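Structure in structure tokens, see below.
Naming follows writing order (A, B, C and D), and every chain is counted from residue 1.
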Amino acid sequence: MLLAALRGEVLEANLDLVRRGLVLSTFGNASGVDYEAMKPGDLVITDLQGKVMEGTLRPSSDLPTHAALYRAFPSIGGIAHTHSEYASAWAQARRTIPCFGTTHADYFHGPIPVTEVMAEDEIVGEYEANTGAAIIRTFENLDAMSIPAVLVANHAPFAWGRDPRKAAETAWMLESVARMAYLTVSINPHASDIAKTLHDRHFLRKHGEKAYYGQME
Amino acid sequence: MLLAALRGEVLEANLDLVRRGLVLSTFGNASGVDYEAMKPGDLVITDLQGKVMEGTLRPSSDLPTHAALYRAFPSIGGIAHTHSEYASAWAQARRTIPCFGTTHADYFHGPIPVTEVMAEDEIVGEYEANTGAAIIRTFENLDAMSIPAVLVANHAPFAWGRDPRKAAETAWMLESVARMAYLTVSINPHASDIAKTLHDRHFLRKHGEKAYYGQME
Amino acid sequence: MLLAALRGEVLEANLDLVRRGLVLSTFGNASGVDYEAMKPGDLVITDLQGKVMEGTLRPSSDLPTHAALYRAFPSIGGIAHTHSEYASAWAQARRTIPCFGTTHADYFHGPIPVTEVMAEDEIVGEYEANTGAAIIRTFENLDAMSIPAVLVANHAPFAWGRDPRKAAETAWMLESVARMAYLTVSINPHASDIAKTLHDRHFLRKHGEKAYYGQME
Amino acid sequence: MLLAALRGEVLEANLDLVRRGLVLSTFGNASGVDYEAMKPGDLVITDLQGKVMEGTLRPSSDLPTHAALYRAFPSIGGIAHTHSEYASAWAQARRTIPCFGTTHADYFHGPIPVTEVMAEDEIVGEYEANTGAAIIRTFENLDAMSIPAVLVANHAPFAWGRDPRKAAETAWMLESVARMAYLTVSINPHASDIAKTLHDRHFLRKHGEKAYYGQME
């Protein structure tokens, strides 16, 4: 893909997050850069160590977290970090989002995990890089491509995908799933995860070699 | 009704579900068909065994569920399957929606039932057809035309009616009723069903031979 | 006021309820009359016994409830009956809405009462007139003009005022108050009513002879 | 700043509160002044004792509260008093809003405090001035500029900042934080405050001499 096209795609994915209410648009234009006024050429290109390759603005202070994830999960082509309300509430509550139903299973092949609370020295030190490390540890025994999202404890979600558009879509699905899980535990505090068979059936209807959802076999 | 008119009505009922926020519009156009770009001629006509009679696209993978319901409930002329938030939360919580008030009683002549959790072999086997069978078993002692909706456990609601427009309307009323029931149990976890007399009075004001709601006798 | 002006005001108040999301607009135009297409001349004029004085359409089946309230509370010049979500949830939960704060006290001089559950014979008999009687009994020791709303148990709210516009405004304030009370008990199930002194101060800042809210003394 | 510019800024900040849904727009134009029709010249200028310096309309009855805060906190250049839903619900529940996550820590350097319930004689006496005094007592051991908001018990929030625009922004951030805290305690009633180290890290990324958020160091 040409770099110009990638810039356009990244900007569009960011605007998507704003339009879907997952991030609060910069209030007026006092802090940071106003998304609506941003042009593809304003985006900064860095390498996987976070070194600026192209661009005049400085990259986001969250860059070390993103760079750590791109290095650890080579299949990732886009990451969306939001403070969307329901997913952030689960992160603040330090609770894994259980898989209560097929809406969840259609998109995520397991519960949405929450990271461990970070240690004092991780916060005082290279905080943003350490946030990335905490996420990576959470996926030691999980597949980051079939569960493409995480809750950072006391913070908020990160979601990802093969490209920026897919990452934004995942952030949006995560928020829907988080909201339905919230309603579910409010109705029934003892609600339990669905059976693995049902989870597999729904995830595999949509993903992998034998996917058939949306059209008959 | 001419087939052309029926195609238009079915498409319109689908768009109605999107406009009312009961189904998430296909995200971009990556998966499935984009509702907004769909034309009546894109719809596929099948018989009650699910055999395609007319059309070039493949029918939805959910077809076996719908076909089973049309065969079991001959008065049904339209079915709406959504993952609307509040009704799905009750389905995920595996809880019948009690009839807490007259808004519910005006539209549904009883609580909204939830199916039993499907067995392993039902999920591994003809899953979509078995979903239909689970719904039909739930109505063994209930009248599907006076309680025109069901919650599939761990999944989401199905609603129906005498035609596609009525099915979409029922899906929307179900979501309103599910939302009000959610608020009710949040305020009072011990809230109880209304008396049968009151339920009958309200349902029969609007339905059946002695209906009088909306105009004086 | 000329009858033509009153017709216009009543229609406008009804549209206000729809615009503010307090009543669901008639779905399509299948049942009842479509508000958006209604003209002042479509409204039916009755006397306080419910006898039609002018108009060709039939009056609402809820007329006997409204007529009973107009007869019992002579200061009332408008009544709004909605199934607005939060107020209806309190009605379905059969719970009085406590006065948790000054927003409530600014508009209602006491908690919002809930009627007793109606007896079997009241429901089987003249149901709509008996609904009015149940409301009137609830106000035996309350002032209907300083607490201009009620929750009918298992049903929904009625709100009123000196004219139709004020009744619609009260229905809207009631919904706001019901929603904030809902959030309050969710945060703190042991939240308690505010002190009578504070309640009086706020209500009397806005109402009665010594009102001063909005401008300095 | 010229007085004309300040008038414009104050009016704009008020409209901002309405547009963001933090205050209910005056219903019709029955009570108070309609914001949408207000012009900068309608605003009343008073001194810090509340004495009118310029203007023909009377100042708000809430003026004594605002004046008390301006006198006590000299760095304040704008105050926003709303009855926004979630912040008011915490005020009605008489609960401090804990700092459950980094969204909160990004804007407020500590939990959002709630005032003590006012005594009978404070309510009967100079109520509005005493409300200001109750807020000031709450901040005896807190820094009003790094925690620029308070919940008045049984009432609603006040938020402030160095100018009117910043005060409106703070009122809006407070509502977001209050809403996410509400969801958090609903998911996990035992959720606890984040560690002081994390709180400091996030607040100081955005505020003070070493702020670096939004751009790399």
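The definition used in the following text is that contacts are C-beta pairs under 8 Å (C-beta built on N, C-alpha and C of every residue); 3 or more make two chains touch, one makes a residue touch a chain.
All values reported here derive from a predicted model rather than from experimental measurement.
Of all residue numbers used at the contact between chain A and chain B, under half are used by both chains, marking a mostly different-residue interface. Simply put, chain A must spin 180° to overlay its Cα atoms on chain C, rounded in steps of 5.
Spacing of chain B relative to chain D, judged by their CA centroids, is 46 angstrom. Averaging C-alpha coordinates per chain places the centre of chain B 32 Å away from that of chain C. Chain A has residues 186 in contact with two or more other chains. Listed in rising order, the residues of chain C touching chain B in the complex are 24, 27-28, 30-33, 57-61, 63, 83, 85-86, 88-95, 117-118, 120, 123-124, 127, 154-156, 182, 185-186. Those residues of chain C that touch chain D in the shared complex are 100-103, 165-166, 169, 172, 176, 179-181, 183-184, 186-188, 191, 194-195, 197-198, 201, 205-206, 212-217.
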